[in-house]
Each structure stands twice: as structure tokens, then as C-alpha cells.
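Just below sit the structures, each encoded as C-alpha cells.
Each of the next two complexes has subunit A plus one more chain, namely subunit B in the first and subunit C in the second.
Coming up: the complex of A and B.
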């Protein structure tokens, strides 16, 4: 009996192993393929693995004329500026939405979704046309503006949730002991909301780093961003450059997602959008 | 009111939207006095406390400390410290930091802060816990940190919003006395909100009973306990037994007419404004004495009625009987148990029998007969 049961449990591992294996393949297969391409010198059909390995593609990407460093710089500058602008707006807005019993509160929250409600292409083509007229097209400021309109949803929604997760009595306790409103916000509210605000900053940062359509219509060709470089390299068949660019985009995403996972507590998440 | 008090509330009214939470509250509190605001939930006691603390703006009326009008001052400019029912300790600060915060706000030098914080901790028995976060404390320890945080800034007035209600019953009893002793030692004026009658009785110099946003009665614990001014106060202070009787005023006595189940009786008026006619009589179970037989000479003072024991329970210390008398069922305590079905006489002494005129309109009945 015992032997039979052992056999059955071994059999049960077969489909499970198969499913896990397939999942791993679909997730890590493309990643592994990408990693391989970044160190490939020569790889063509029908060979399963690269024929020659090397780092010449890295040298090309990071050469002064490769444009990658400039794109990376642009992307990081835009992402950081987007985070600053978004949070500068989201902290007061989120606090007001969380604390004051504003009428139409959920409607206001919903309004931040509107940029996402329409097809991106149509919106950004028109934004580009408008920006062209007021000389914002092809500037960092223009791209930041587009990214902020996109990132504000995350920033405001998560900031609102972070602030409403803080018990009002914690603030009132400080007021009662003699702290003014601003002092209370600085000493009590902000530190308690910091993990949630951190998470919202990271979301905005990643969104900005990944954003393509807006960057393309508003930024290119004067302001080149990393996703644009990836697009050009990929469509030109230069898989080495495309893979290296993708890796540059992937690494901060992975690191930040791990941080977000640590920072975003369940009590904040449960209040998102409410 | 006299206007000689330290903390003066004049005609405070408060409303949430259409509902009137507080109506014309007048209260005068002496420096160093411990006042309990007592009432059931929804009576407005917490609203009154939050109005004092500055978190609710009254819709009319004024609050003065001495000659200073603080009605419209923000909470941080009032010199009061509020201890919350939830304690509201800051989870991102340690016990030390929680207690020190108020001193830091005042700009007290760092060395003095450390000395005061550790003095407060030894006063409250919190030694060795200074480095912990509030999450790592027990309920009783959190309560003491919340208290220490408020006391360390040496507030003019300490406001307590049911700070004992989240504690174990056993800890609660000792904390009552600790808190009271501390308040007397430091000479702080304290206002304590509670729904616990015994807590208010044990701790306070004066009890203010609130009913539906009004002061139903105020006075020393023994005053509100022994001389309730209205049926509401009598019931709230434990006189839950209710009988409908008839009587008339003769000189300085109120004589109760004999009825189907009760003999004649009477109580001295003793300053009470009772009119001849129907009255409701209220008394506590422990004020009733069960007499074994009906033949016992019925005392002149108070009232005696006949009844039948329906049930007996033992809540501890005495036996509690459910006695049916006429159409009413009442509770009566006795040192010995009577059997269900037994016919008994129940006597209530004059000083424990609270009489109120039935015809009295509800609004007049809530006016206190004697003010402290």
C-alpha cells in the first residue's frame, strides 16, 4: 500500500512539474534568449546557440556615437523629473482627497484615469500637434509633461490610499500636544505615508522609463529615449543592441518591483481607488 | 453659572448637519478638579470633549480658560492634552520618542527632555521599555505611554476620552486608582469621558451626566447616586426598578396611597418638588429588602409591596430575585435565597425610593433640582 501511494504521489508531481516547467519557460525563456543576444557576436539559423560570443555590441552601444548613453541619460532625467512633478502634485492632492470629505471624491479620482481611457495614439498625435504650436515639442519639458499626465493616476491613487490608511487620531494626538498643522504633517503624516509614497514614486518612475508612444510623438527626433532606441534597433534587425537596451530597461524595473513589494502594505493596497 | 471657575463653558451647542448633538451646555470647572462626563453612547459626551480639545467647532457658545477665550483657538494653542480611546501612539516612533514629542515641540533642551521622559517612565512603571515601538507593547503599557505622552508636557487641562475602556477588567480597576492618585498628586484639571458609572463614581470629584446633548444632572458622586434629579438619571445610576404609584403631599411628607399589591407608605419631601398625583417610583435591586412574611410590621417610612418570586440567580455576594408585583416585575436582592413561587413582601426604604411626578413634561424633568 505504502509503495503504491508513494508511486501515486510521484505520478502527481509529473503534471505539476510540467506546468511549472512550461511557466518557467514562458517567463524565463525570452529573458534567457535576450541575455544570450547581449553577448552574441554571430548567431544565425539553424543554429540553436550563438556561434561566437563577445562584448563588441556593448562597446558599440556605449560608444559616444551609439546614442545609448544619451538616451539613457534622457530617459533617467525625464523619469526623475516626472517623479518629482507627479509627487509634488500627488502629495497635496492625495492628502486632500484622503482627509477632506470632498464631494465627488471618487469622480475626481476617476478623472485621473481619463488619459488612459482613450487610445494613446490619437491622444499623443494631438498632443504633439498642440505642443508643436507652443514650442514644447522635442523638449525634455514636453516629454515630462506627457509622462506626468500618464503617471498621475498611479501617483494620486496610491498617495490617496497611503494617506487614508493613516488614522486621523494620530494627527490629532500631535495637534493636541502642541504641533501646528504643518509640523504635524511633517512629523507624523509624511513619515507614516512614506512607504506608500515611495511605492507611488517607483510606479511613476517605471511608467516613465517604459513609456513609448508619447516619447515618440513628442520627444523624437530631438529627445531620444531608451524605448525609442530599442525600437529602432529592433526594427533594424540589430538584436544585440535591442537586447542590451532591453536589459538596461529591465534591471531598474526588477530592482524597484522588489522594493515596491516590500513597501506596499496590504492596508494601503486595500484603499487604492477608494 | 457662577463664572468663578477655571474652565468655563457657556451655552455650548454643536450640530452635525441637521442633528443637534449638544444643546446649551453650561459647565464651570475648578482648577485641579476631576470631572467625569458620564452618559450612554450617542449622548454627546465625546463631542463635548472634542469641542473642548478644539477638534469640533461649537455652533454657538464659548469656552474660557480663566479670562482667555479659547473657543476658536486651534487644538495646539489650547494647553490641553487629549488621551485617546485608541491611544493614538505613533507607530513610527519608540516609546521614548512618543513621550518626548511634546517636549521637543516646546523646544525643551535635549538633556531636560531625557530627564523628564525617564522620570515620567518611572512614574508610570514603563522603565526599560523606552526603546520599544508601540506595536510591541501590551494594552496596559500602551495606555500608560499615551498617558505619559500627555502628562509630560504638564498640560493645564488633561482630557481623557474613555482611556480605560480597552483594558482588561482587572487592570482597569487598578489603573482607575493610579490615574486618580496621579491627577491629585500633579494637581491637574482633568475631564474624563466614560460610559462606566462605577468608573465615574470612583474617579471623579464631580459627575456630569449627559442625556441627548444636555446636562441631565451634575454633582458629587454621592449626590447623583442618592438624589437623582430625573427618572433618566435614576435609571442610569442603576435604579432600574420601576413602579407606578399614587400619592399626595401632606405637610413635608409625600404619602403613598395603598394599592392592590402595596400598603400605604410615605417619604419625607426633603426639598423635592413633588406634586400630588401619579408618580413613578424607582429604586435599585440592592435597596429592596425581602421580608419573609407579610405579617411583619410594615415600617412607616418607605414602601412595602407584596409579590411572588419568579426566579432566583446568584450574581455573587447576594441572591437576586425576580419578583412579580401586580403588573410589574422588579429585581430585589437578599442575603438568602427565596424559592420561586414563594410569596414575599418587599420593602424599600425612604432614602432609596426615588419618586418623580408622571405628568411632568419630559423637558422639565431633565433640569437638575440642585446644582453643584
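Coming up: the complex of A and C.
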């Protein structure tokens, strides 16, 4: 009897293996396909695998006139600036939302979700029109502003959670020892909130790096960014260049997502959006 | 300075960013939809429905189908993570299902385009396994490609939310039902899913809105007619500089997205009454 039950439970691995195998194929298949394209020299129908492998596409992408270095530079500049500007707005806002009694607090929190909760394509079209009037269209500053409006929800929500996870008594102790409000904030509150703020910086950075629609309308064709390069290469049928660009966009996403759990502790996570 | 005033002062700059860079353009697009050459009227909407009615229906169909599939997939994954009998299988699934969530839409569009193409890896694998012949190979780069891309990218996100909600469902009720002989599928459908509908609805509405505004996936997978409204809006602006019709199409997609949220609000209010 016991042997029969053991056999039955082993048999369960058949459907499990089949379903997990199919899932793995559909999840990792496209990624593997992309990885193959990055090192393909020659590949056409009906061959299941590339006929020749090589790195000539990499050389072309990273050649001085290949455009990738410039796009990569623009993308990183915009992402870093977006993080700085977003945190400059989000740290005071998050502190106020966490510590000071605000009227309509939950409505204010919800307001930052608006850019994620409405279809944003027409908004970017009209932002581009506005920016055109004030000469911000086609500039790094214009793209940064668009990315900030989109990334603020992460910055503000996570910063608020990070500040409210800090024990108030630590701040009160510093104050009673004679530290001023600013000094308490700088020496006690800010260092304690740093891991949470780091997590919000990571989210904002990734949002900015991967953003396509806003950059397409506000940045292109003057400010070239990686997603735009990927789009142009892909629609031109250049799958090697498109796949290499896709890989460049993918690696930071995966690395950051793997390490973000180190900065985003459960005590902060459980307070997000509250 | 009173603390309330100080608080408002600290929040105000961030709120101003949202107001100036999102709400103002949103209002501009709503107003612009009714603006005609030298007057006001519904001309843009007439033109939008005239030219793009098929695409409006196509978008609603694609996004609704994708939302349904995402909901189904998220419940299945969350349910297995909560009720799965074998700890190793649960661990494998937990590790496996999250990957697409971290991949940007533009990359999803590119990698699925090469994967689903006529000579893509999906067909090639099926051919080399003997499941079909090269002559039967067909491209999935039409409405099916868009649905696959949306489901591929959004299911992990909703599954993550739903699995989190399912984990906090009271275990005693579940164990009691299992002890009374209820099958795990029945426990999932009759006990667990009703308790996580709020979370599921929030995840699905956010996905619905996201899919209504993604431009890169339809552009990369299927930009021929019929296509998604987002591709039409970009085309109206880039090819004709026609902001009137683009804004009208934008308002239509806004109404579609908010009507979904409204239906959800109605249902949840009725349930509470």
C-alpha cells in the first residue's frame, strides 16, 4: 500500500514536469532566441539555429558611429538625472506624508498614482506640444521631466514608507539631546531611511531606462535613447542590433530586480501605499 | 510655522510636477478633442469613428481577452503557490513565473517578434520535435502576437499581487474544507478566489490601463490594420500632425479604461450594500 502511494506521488511529476517545461519554454525561449540573435552572423529560414556565429554586430553597434554608445550615454544621463530630480521632490514630500499631519493625506498619495492609472499616450503627445512651445522638446531636460512625472509614484510612495518605518523615538531622543530639526533629519532620519530611498531610486532608474512612449514623442529624433535605437533597428529588420540593444536594456533590469530585495525590507514594503 | 502648513509646503513641489506635467496635458487632450478649425464640435469624433471604428473594437477585444487570460493565469499560479502539495514543485513555480515581470515592454516586443515569427524559435522547436511540418508553420505576428505579448508580460505582476493576497487568507477555513474532502480546485474556486477578488480586480484594472497605453508592443508586433488605438494615435500625430483626431482617440481610450474602473466600483459598492 505504502509502495503504491509512493508510486502515485512520483507519477504526479509527469503533468507537473510537462506544465513547468512548457512554462519554461515560453518564458526562456524568447530570451534564448534573443541571446542567439546577438551572436548571429547568418540565420535564415528554415534553419532552426544560426548558420554562422560571430561578434560582428557587436563591433558595429559599439563602433563610434554605430549610435549605441551615444544612446547608452543619453539613456544613462537621463536615468541618473531622473533619479536625482525625483528624489529631490520625493524626500521632502515623503517625510511630510510620513511624519506631519496632512489634510487629505490619502488623496495626496493617490494623486501620484494618476500617471500610472490613465492611458498616458495622448498625455505625452500634448506634453510634446507644450514643450515645443517652451523649447524643451528634443532636449535632455524635457525627457527627464517626463520621466520624473512617471517615476514619482515609486519615489514618493517608497520614500513615505521608508520614513514611516523609522521609530519616532529615535528622532525625539536626538531632539531632546539638543539637536535641531535639520540636524536630526540629516544625522538620524536620513541615514535610517537610506535603504528604502535606495530602493525607490532603483525603481525610478529602471522606469526611466525602459520608458519608450514619452521618449518617442518628447526626445526623438534629437535625443536618441536605447529604447528608440531598439525600435528603429527592429523595424529596419536588423535583428542583431535590436537584440544587442534589448540585452543592454535587460541586464540592468534583471540585476537591479535581484538586489532590490536587499534594500526593500518587509517593514518598509508593508507600508507602501499606506 | 504650523506643522500642517510646513507639510503642505514640502508636498507641494511634487504635486506641482504631477499637475503641470500630467493633469494639465490630460485636460489639454480632453479639450483638444472637441477643437476644430476655428470652432468647437464633434467633428474629430466623427472622423475617429469613421476611420478607426475597427481598431477601437479590435483594441477592446484584444485588451479584454488579454485581461481574461491574465486573470485566469494569475489565479492558477497563485492557487498553486497557496495550495500546491509538493514543496519542491511550489518552489520551482515561485522561481519560474516572475521573470517576464522585470522585462521592459519594448524588449518584450522585440524578443517575441523573433520568437513568434514564421521562422521563429517556437515554430522551429515544434518542427524539430516532429509536432508539425515546415509547410504548416505560420506567423503569430498578428492579434495573437499582441495578446501573447500582453499575457506574457502582465501575468506575473497580477500573479504576484494575487499570490500575496491568497497567502493572507485564513488557513483554518481552507484546512477545514480539505479535511471535509473538498478537492483543491473546489477550495480554490469557492473559498480562496472570492476572498481575493479586490486584489485581483486592482491588478487587472492596472493591467487593462497599461495595455491600453502601451505603444511599443503593437508597433513592433503588428502595426498593420487592424491594430491598437495607440498605434493609430502615434500615426495621426507623426504622419499628419492631426492632434484633433489623436486627442479624440485618446479620450475614447480614456473612457474605455475608466468605464472598466467604474464597473468595478459599482460591483464592489453593491457587494458592500
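By our rule, the second predicted complex is superposed on the first by the 271 of 274 C-alpha atoms of A that agree within 3 Å, B and C clash if a C-alpha of one lies under 4 Å from a C-alpha of the other, contacts with A are read in each partner's own complex, and residues count from 1 in each chain.
To be clear about the criterion, a contact is a pair of C-beta atoms (placed from the backbone, for glycine too) under 8 Å apart; a residue touches a chain by one contact, two chains touch by 3 or more.
Quick caveat, the model's predicted, so the values are computed rather than measured.
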Touching partner for A:129 - first (subunit B), second (subunit C), both, neither: second
Larger contact residue set on subunit A - subunit B or subunit C: C
Partner chain(s) touched by A:29 [first = subunit B, second = subunit C, both, neither]: second
Touching partner for A:188 - first (subunit B), second (subunit C), both, neither: first
Contacts of A:21 with subunit B and subunit C, given as first, second, both or neither: neither
Subunit B versus subunit C as contact partner of A:173, first or second or both or neither: first
Touching partner for A:249 - first (subunit B), second (subunit C), both, neither: second
Footprint of subunit A on subunit C - complex, ascending: 3-4, 6-8, 10-11, 13-15, 17-18, 21-26, 28-29, 32, 85-86, 89, 92-93, 96-97, 99-100, 102-107, 109-115, 118-122, 124-125, 127-128, 134, 137, 152, 206, 209-210, 212-216, 219-220, 230, 233-234, 237, 243, 246-247, 249-251, 253-254, 257-258
Subunit A residues within the subunit C interface of the complex: 9, 12-13, 16, 20, 23-34, 37, 44-46, 48, 89-90, 92-93, 95-97, 100-103, 108, 111-112, 114-127, 129-130, 145-146, 148-149, 152, 156, 209-210, 212-213, 216-217, 227, 230-231, 234-235, 239, 242-243, 246, 249-250, 253-254, 257
Subunit A contact footprint on subunit B (complex, rising order): 53-55, 74-77, 80-82, 84, 86, 88-92, 101-102, 105-106, 149-150, 153, 159
Residue numbers on subunit A that touch subunit B, as the complex places them: 167, 169-170, 172-181, 183, 187-188, 191-192
